[in-house]
Amino acid sequence: MGLRIVPGTANPLLTAAVARTLRTELVTCELDRFPDGELRPVMDHLRGDDVYVIQPTGPPVSDHLVELLLLLDACRRGGAGRITAVLPYFGYARQDRRSQAGEAVGARVVADALAASGAQRLVVVDPHTAALEAMCGIPVEMLTAVPALAGALAPLVPGDAVVVAPDLGAVKLAEHYASLLHRPVAVVRKTRMTGATVRAEEIAGDVAGRPAVIIDDMISTGATIEAAARVLLAHGGAPAIVVAATHGLLVAGAAGRLGRLPVQCTVTTDSLPRGHPPALPLQVESIAPLLADAISRMHHEQPLGDLLTRS
Amino acid sequence: MGLRIVPGTANPLLTAAVARTLRTELVTCELDRFPDGELRPVMDHLRGDDVYVIQPTGPPVSDHLVELLLLLDACRRGGAGRITAVLPYFGYARQDRRSQAGEAVGARVVADALAASGAQRLVVVDPHTAALEAMCGIPVEMLTAVPALAGALAPLVPGDAVVVAPDLGAVKLAEHYASLLHRPVAVVRKTRMTGATVRAEEIAGDVAGRPAVIIDDMISTGATIEAAARVLLAHGGAPAIVVAATHGLLVAGAAGRLGRLPVQCTVTTDSLPRGHPPALPLQVESIAPLLADAISRMHHEQPLGDLLTRS
Amino acid sequence: MGLRIVPGTANPLLTAAVARTLRTELVTCELDRFPDGELRPVMDHLRGDDVYVIQPTGPPVSDHLVELLLLLDACRRGGAGRITAVLPYFGYARQDRRSQAGEAVGARVVADALAASGAQRLVVVDPHTAALEAMCGIPVEMLTAVPALAGALAPLVPGDAVVVAPDLGAVKLAEHYASLLHRPVAVVRKTRMTGATVRAEEIAGDVAGRPAVIIDDMISTGATIEAAARVLLAHGGAPAIVVAATHGLLVAGAAGRLGRLPVQCTVTTDSLPRGHPPALPLQVESIAPLLADAISRMHHEQPLGDLLTRS
Amino acid sequence: MGLRIVPGTANPLLTAAVARTLRTELVTCELDRFPDGELRPVMDHLRGDDVYVIQPTGPPVSDHLVELLLLLDACRRGGAGRITAVLPYFGYARQDRRSQAGEAVGARVVADALAASGAQRLVVVDPHTAALEAMCGIPVEMLTAVPALAGALAPLVPGDAVVVAPDLGAVKLAEHYASLLHRPVAVVRKTRMTGATVRAEEIAGDVAGRPAVIIDDMISTGATIEAAARVLLAHGGAPAIVVAATHGLLVAGAAGRLGRLPVQCTVTTDSLPRGHPPALPLQVESIAPLLADAISRMHHEQPLGDLLTRS
Amino acid sequence: MGLRIVPGTANPLLTAAVARTLRTELVTCELDRFPDGELRPVMDHLRGDDVYVIQPTGPPVSDHLVELLLLLDACRRGGAGRITAVLPYFGYARQDRRSQAGEAVGARVVADALAASGAQRLVVVDPHTAALEAMCGIPVEMLTAVPALAGALAPLVPGDAVVVAPDLGAVKLAEHYASLLHRPVAVVRKTRMTGATVRAEEIAGDVAGRPAVIIDDMISTGATIEAAARVLLAHGGAPAIVVAATHGLLVAGAAGRLGRLPVQCTVTTDSLPRGHPPALPLQVESIAPLLADAISRMHHEQPLGDLLTRS
Amino acid sequence: MGLRIVPGTANPLLTAAVARTLRTELVTCELDRFPDGELRPVMDHLRGDDVYVIQPTGPPVSDHLVELLLLLDACRRGGAGRITAVLPYFGYARQDRRSQAGEAVGARVVADALAASGAQRLVVVDPHTAALEAMCGIPVEMLTAVPALAGALAPLVPGDAVVVAPDLGAVKLAEHYASLLHRPVAVVRKTRMTGATVRAEEIAGDVAGRPAVIIDDMISTGATIEAAARVLLAHGGAPAIVVAATHGLLVAGAAGRLGRLPVQCTVTTDSLPRGHPPALPLQVESIAPLLADAISRMHHEQPLGDLLTRS
């Protein structure tokens, strides 16, 4: 089986970089967009091949998800030998439970739709929940960009800095960063009120007078980071702040929100595309090497070992 | 089991009209839209009920589809006794086959996703392909709005008018209209070149000097109708034109395209919402009575008989 | 994986020809027929192989279908590496929708039974409906015998002949023939009353005084062809008629029905077996090369491209 | 849910008798048979009903099986509330294992096809293998006609008679008969060579000079019974023979085979239809009361208890 | 449908209490245990009923799980109208992800086996992971015993006490307790090294000189509680300790481990049975009212609202 | 794909012997046993390999079954190329039907759980029921140890010995032994009353004064063998007895039960482990060569032919 990369349209630069790293050509794949919004992929021959469809399901998430479903179906009907969906960012991962009786479990809906459309394996990067694989009937490889991000952070972080988890869900991630950066961890405890409003409360760990590296798996509106930063400042910490997160959605005024804080730099990856230069100092670490390495090992049936998330 | 209507957000006026006709309250259902575009429905208690989720999957089709999947999952997890997805307009119905080897079969992808998310039955109105039910593992009821539209057309259509099918796929539909209007049928044969460009060629049937009722299942860009009209005009026909179609998507300059023709009136239904007054004379026949009747019969386990499409 | 051909009993000559073309031996496969009609296949070792089971499901359709299900199960339990069901003729393809509420959708029933019995892929030739692949959860390759038939027709068709579609469902097929034969198309519009009775009505296209090539995907009782021919004759056309169809079922007096018409020759394929010399001038073009080519490409993971139907 | 009986065409007299016993009208169900052998059921409205489709899958087994699959699909698509397939005779039950590596497991193929077509429960009568229910993912109720047959046998069997199992597979059945008739059991051991040829060998139990009741679950060609009778005669037994079996297929010269033996009477049920008066003394005990009782209890959610087979 | 309670053998006292509260008799259900350890349930008639099988899958977890699978299958084959598996304790919930590449995801394995055996809905109490429902294809209701436990704790907890989460995974639970007890929360951060060894590190929140209520979802070996208590003591806290957890497995020396600490009382529920009086002061709050209330509401199709876990 | 053997913990000696015979190293696989009884396998890299998990599901059957499910899931999630579960002894095979309405069908429950956890093929040895394969949706290879056991028996069996089937279910097995040992067969007919009590009745075949080889597929409590032996003795047979069975569970006083009989030797295989020297003369024939041969052929895609059971 030949190794083939099918490019979704959600992140063409990343996909091209992955293919370049793997020294393979992308499968020619056109995506017709009809005037009424329906999509129609037309892709080149990949019969019998070991196919990896790369598509992060970031905003516009519905469009990117439906496109991915169609691409998977096209691969299946086109006779692909094995189909792996690579989602550098897995949308709807936060909907892994109902917080009220009348809700849906979006993560599972997405997982089921991917499998129903032909995906035989998934690859994701730093998903919001490590239980993601338990929600999928098909095998899931959960890669981590933390080593790459920690490498980028190292020169930016002073010796007395502290790694700050902005909420409890980020503590394991913070410990991963901290172990790589040889720094201590502090934790902000907050209660999420609604999707966009966040109330931060307390801090655990010694932060007074110390520079802070606030980390998270993703930055959406920046509200979580902002709240954590305000708590740090209120506790006499964070004379300088660096922010790091695998997924930089940066929607709904995130740049402005972070810009109003003493954030020196925001480090993120290219799991999601950057449309235009953001209004904040942003350092982007590419996960193309990570994805290319993982795809290469999966294609050659080698273990992924150190590429995987800790949990 | 109580009869419950869950309103998707795709067509609130239609859904409200259906509920009103059924003299039932809509299930309270809020749809959170997160800043990154993810959706979260929160709906009221419907445990044990006979639930009908009404959501046409017109533009923006991906959003409306993903919302529908989440609503179905919420109904399932919320303990609904029976779940019927009512799609007044079924998006992706045209993708019922691959015209090239590298394509997807979008209609099947949608059908599978609906079933995987919890739909146990489907209700659709005048779908683009009658084979839709064969693509679904769950039962599908295919309703028709043609009698309602024919009723609206009757006073608009002179005695010497001819019903015109703008392509071969519309002939059965045209015959249905013609039998109700007691008019002859003419057919335009065209070859569809791409999604938006259409080449019309010939006409079968006597159209010279006769007013025309051009009918179709849907009007997307209006290009098909325009092409048919131009053929009619070239053949000396259509001194006056009335257009009728169940689904009025009217995207991408459709109003302008129809406005440039001697179209007296366009008759369509409210299967899809009208955002703002269109720039063309439009008469909208509501399918709320049709849907309400079908839902009521299905709830009371009565046959649908005359509400169904012919094929 | 070795390439293996499993011969169903429905068309041994065709299957042998395919194997010969592929220069492979048929898998030894005996079919016990018990006195009460139950079938028991016993086939040779095919563990790990790439298996193609060839069985058209023509009359007696139930027997041929059940035999195929058993053969697929035997392949699966016998350890076949990959199982492809090759149906040169796919029975029940016309039942792709319910025309009344109390009917079944036979095409889907067959598709589900094939998949449940172990088929992983299907290959069909000129199926009655192009939506067939949307009805199947497994990939379907729809081959076409039209180029082969057109090649056979070329010397039989005068320069002024017209390709005639006997009903609307056959127009796309007619256009395919016409483009290969460089002839115009005419269309007969009919209404099918019951399974065996057909009422033909009108004709679109210039047929007066021109020889006709009436084409269809299949000839069952010949009633559709007969009705079209009578319309042609009534319109002053068809001084000479050639009939062409991929599948020649020729049941229930078809030979007599065609024999009473000025049909010069009927051209068909060997997708279904000929029991005894028919009482009409028949030219049979073998699809063994087509099937052998498709199987070879599928086995070697090459694209099928030009072997596929247009739609 | 109303109780509805859908009549397959395999045994109309039995089905009518069941409906009569249940004091319910049969669902109107027409079965179109197309000239090419395809079947199309058209049945009346049964939306929301508790439906029992009665169809033994005896000869012609393929036709009866395919018809049953279509009926089940029609019920499902027609909105039946619950669908139970009632197979008074379950064809292919003997194929419950592969005796060679290249065979199929027909019983499982049938079970899977029934479930795939919409059956939610099965009812069978004295199936050839009691493991049948383990082969089905859906619940199976295995009824027994032995009490009814034993009642018919009682007046025919002298006081010194012995119940004879013609092979080891029939011993449990023989013990059931024997316990009801208060007679001892004898067993003939044979080795089945092929489908139609049988070699009988020994006998266990005291048969000398005693009348015999040879029992079995089914009589196909009669070869098993004949072989057992010849062993009995060779051992000085069976001055008079009565034969009893639930399913009287009586194919391939069975009547002649039994007629050459001193068989006084053959007692069987109407699980399969009798086309014309057989050339042997036959007493037919109807299982209509058994089926009606079972259906009534299942409809009213009562236990089946004593109607079930022992195993 | 009648409400029926099927008692697994894992917790007969709890099950009897639930039935008593619901004023219903338990379904008679015997469980044969064969000398080789195989289990065979034999249960009374429950055809058409709304069945709730109550079985916590605590130690011996494999036996209790396999028994539950058999009970579910017996319900399904016995014709139950609806089958809900009630697991007051859900074993293997901690295996919701692989922490290394070579592991299994036990929670999903259990979830899949339950569904494959016939469970249509699950009810669990305070599961270790709130993402449990996303792992199940069938609806899951996650009840909480925290209000009941908090009620029992209220008289035991001084006014200056603090609720302590022994690790990050327990913080949400601690906040739930704290809101009901009107007390603040403190958190111990630990790193779990292996299954039985735990290393505790830090504490967030004001604990000095304050009595502590250490809470968790379950107490297995007591090592987590012990480690938290030692950290509290080292920080000058916990002059008096009360321990509370929904599930008291108390295996492998848990009693001794807690007995060596200044634990005044351990409050738990009867989700798991108590074999013999434990060597520690234990107060057991019954969840029978909680389960009975939930089952009654589910049976009567009422919302569960306040019985559900927060997340 | 490399050939890999994953050792379950149920029979480490057998598994090691299989690996030795195949000249392959076992996959490193640790099984954590948590104090509360939950299991956690951690196995080495086997991505892309052809994996055979060897685990007999003998006592403690629930533990061994659940461990097997987890191992299969770990293989699947770890990226195994193909997963075959090898069950030298298949527990719950006797539960292949309900003998009363309220029972489960344990064999099917196990089969479904294995497939749901990732098994793609099964290998079993002399299962209690040959219909086992019909209960599994995945292919099953049923191997037989009878030739190996017959080889071990040959020197132990005098020329006038008779092979005795202790009940009807063992007759086919007895005939297999007899054909290899060139001895006649006798049959004991018994009625099994409950799981542990057995009532033996009659004997068919000449046993007076002849040494006996009592054979069965398994010896659980030894009660069946004991009953058969007592019948033999009562009929003046069995001056010397040899017992042979593939599976020697030998639970619940089996050694004592056999020890009280004139049993010269019991011959069995190592399909199940021997914990400590039994109190009876036992000769153990290893099935490691059989399993190794079967695995090697399946890995190399060769037919299993003579390794399979007859039925």
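For reference, chains read A, B, C, D, E and F in written order, and residue numbers begin at 1 within each chain.
The rule is short, and it goes like this: contacts are C-beta pairs under 8 Å (C-beta built on N, C-alpha and C of every residue); 3 or more make two chains touch, one makes a residue touch a chain.
On a predicted model such as this, the values are computed, not experimentally measured, just so you know.
Engineer: Enumerate, in label order, the chains that touch subunit C and subunit F alike.
Structural biologist: Shared contacts of subunit C and subunit F: A, D.
Engineer: Quick one: which chains contact subunit B and subunit D both?
Structural biologist: Chains in contact with subunit B as well as subunit D: C, E.
Engineer: Measuring centre to centre, with centres taken as mean CA positions, what chain is farthest from subunit B?
Structural biologist: Taking each chain's C-alpha mean as its centre, the farthest from subunit B is F.
Engineer: Could you figure out which pair among E-F, C-F or A-E mirrors the A-C interface, over half of its contact pairs being identical by residue number?
Structural biologist: Copy of the A-C interface among the listed pairs: C-F.
Engineer: Between subunit E and subunit D, is it the same set of residue numbers doing the touching on each side, over half shared, or a different set?
Structural biologist: different
Engineer: Which chain pair shares more contacting C-beta pairs: E-F, or A-E?
Structural biologist: Pair with more contacting C-beta pairs, E-F versus A-E: E-F.
Engineer: How big is the gap, in whole Å, between where the Cα atoms of subunit B centre and where those of subunit C centre?
Structural biologist: So the centroids are 33 Å from each other.
Engineer: If you average the CA atoms of subunit B and of subunit E, how far apart do the two points sit, in angstrom?
Structural biologist: Roughly 50 Å, centre to centre.
Engineer: Determine the centre-to-centre distance between subunit B and subunit F, using the mean Cα coordinates as centres, and give it in whole Å.
Structural biologist: Using C-alpha averages as centres, the distance is 61 Å.
Engineer: Two or more other chains in contact with one residue: find those residues in subunit F.
Structural biologist: 45, 77-78, 98, 101, 105, 108, 112, 133, 303
Engineer: What are the touching chain pairs in this one?
Structural biologist: Touching chain pairs, listed by label, are A-B, A-C, A-E, A-F, B-C, B-D, B-E, C-D, C-F, D-E, D-F, E-F.
Engineer: Provide the residue numbers of subunit C that touch subunit A in the complex, in ascending order.
Structural biologist: Interface residues on subunit C, with respect to subunit A: 121, 133, 139-140, 298, 301-303.
Engineer: For the complex, give me every residue of subunit A touching subunit C.
Structural biologist: Residues 45, 47-49, 76-79, 81.
Engineer: For the complex, give me every residue of subunit B touching subunit A.
Structural biologist: Residue positions touching the partner: 29, 32, 34-45, 58-63, 65-67, 69-71, 73-74, 77-78, 91-92, 94-95, 98, 100-106, 108-109, 112-113, 116-117, 194-196, 220-221, 249, 251-252.
Engineer: Across the complex, what residues on subunit A touch subunit E?
Structural biologist: Listed in rising order, the residues are 96-99, 101, 105, 107-108, 112, 129-131, 133-135, 137, 168, 171-172, 175, 187, 189, 191, 202-205, 303-305, 308, 310-311.
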